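Chain lettering (A, B, C and D) follows the sequence in which the chains are written, and residue indices restart at 1 in each chain.
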Amino acid sequence: MAQGTNGGLALTLEFVFKDVVRIYDTDAQGIAHYASYYRFFTNTIERFMKDKVGIPYPNVNDELWFVIVETHAEYKRPLRVGDVITVTISPQRLSEKVIRFQFQILKEGEVTTTGYVDQVAINPKIWKAVNIPEEILKRILNL
Amino acid sequence: MAQGTNGGLALTLEFVFKDVVRIYDTDAQGIAHYASYYRFFTNTIERFMKDKVGIPYPNVNDELWFVIVETHAEYKRPLRVGDVITVTISPQRLSEKVIRFQFQILKEGEVTTTGYVDQVAINPKIWKAVNIPEEILKRILNL
Amino acid sequence: MAQGTNGGLALTLEFVFKDVVRIYDTDAQGIAHYASYYRFFTNTIERFMKDKVGIPYPNVNDELWFVIVETHAEYKRPLRVGDVITVTISPQRLSEKVIRFQFQILKEGEVTTTGYVDQVAINPKIWKAVNIPEEILKRILNL
Amino acid sequence: MAQGTNGGLALTLEFVFKDVVRIYDTDAQGIAHYASYYRFFTNTIERFMKDKVGIPYPNVNDELWFVIVETHAEYKRPLRVGDVITVTISPQRLSEKVIRFQFQILKEGEVTTTGYVDQVAINPKIWKAVNIPEEILKRILNL
């Protein structure tokens, strides 16, 4: 796990995504609603997949989709409307079929949020898990 | 228009939907976010279609979907988290293919919001507009 | 943990919430979007707090709010538009200030999703964690 | 109206916003959900207000907020996940207190969606409509 985390941190430095907290991300507590953070995570994966891996996300093609199987987030400091945030993404191979994306959200250099999103590769025609194609996996893991 | 409104009001009295403004419906202005109202409208159509018309919504079957083509809302008074609201729905036939649902949202007897959602019947296999089946149209219009 | 789970299951049998997967909960994969489940969780907490504890949620009053600090979900089987779901909720005391709500979502008797939402009590005027008032905590924990 | 539209079109050419349809914008019909378009509209206003007017949006300061009072959208062609869209924005002065933003969403040069969002300036401390400050109004209208 420590090694995986190191690998993740190394990659983290290579891909960051800038986003902004918009009014619809917030709620009547005056802060970003907890489910909005998953939107920030999704935005970051989508951009990572397009820019670094060169594939559409999450529906790569008619025989390959990424489907979410687990999500987690810890909210350390609140975000507010207008906040400019930096999201770092660290992919980890959990199995031949499952990828974990770990995230940190930073505001003015401080970590406000951490979390991960696990996704399994499936063939949507039969709705069964499949191995992630070798060349896609390599690009995701920056190998 | 006055007639249509009268007809609408008559029907309105027959179908109302109770909902509650939840925290995720609100934003940092402390009031319900303007796009959340379309969630209230959708909830009401879905329940109307299930209870009054007896069909799933918006995807009725493999050859009949209702697809939104126009939406409108006017926000007269703000709603806040925890508000219990009553939504009235009034269907109108715009053409053989298009139905308008008019809405009023009331809180403690006062109208807070009005709006409408127009939807066209399509065959999703060919993604083309089709006539709304006679028996479904009759039940929607309470004929 | 086993004991806590047993306690949770015992309580689970006492409070369940029925919901329906609506079109806006789904995405282009044809299934409920992963962040929508947090909406189902929130709906269930809100109803539990109103019906069992007798307080508004998450903003109880000017000096007591519940703020989310951690969320987790595992998606075992997909949900689709129109699915009628049952959500069970099991509160656990994590500390004097933090409550965990554990959830199971069931469809036709089968568990489709599990997860939890942790929330800290704060005084919004000073934005600091506070002890959950004794009488509220007792009602949450069904003591 | 024709004049207003011309004025709008003139300004339209000056400010456009690029966005992408993400998986959470879509629903089980395989297309962007109708309420997601209001997210695209909000994104565009927010960026316009930041880049062209130089103010945060919608909460400008403690005494000036923009609150939505009317929304409208017409959906001419569907959008799908991954679509890259261009949103044009055209501000119009409706009164001393109310601004309309008209939108066009284009995909590959074709208009897919039109709509508008009307917003009133209020003082949130008293929750009353106020005149939009002269210098802000001028920058919004590009005068």
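Basically, a residue touches a chain if its C-beta (ideal position, glycine included) is under 8 Å from a C-beta of that chain, and two chains touch if they have at least 3 such contacts.
Please read these numbers as outputs of a predicted model, since none were measured by experiment.
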item	value
Per Cα centroids, the chain farthest from chain D	C
Separation of chain A from chain C, taking each centre as the mean of its C-alpha atoms, in whole Å	24
Chain centre separation (chain A, chain D; CA means) in Å	28
Chain centre separation in whole Å, for chain D relative to chain C (CA means)	35
For chain C, residues contacting two or more additional chains	23-24, 28-29, 31, 35, 39, 42, 58-59, 81
Arrangement of touching chains [line / ring / star / complete / other]	complete
Residue numbers on chain A that touch chain C, as the complex places them	28-29, 31, 34-35, 38-39, 42, 58-59, 65, 67-75, 78, 117, 124
Chain D partner contacts - residues on chain A that touch it in the complex	20, 22-24, 39, 42-43, 46, 56-59, 81-82
Residues on chain A engaged by chain B in the complex (per definition of touch)	23-24, 26-31, 33, 35, 80-81
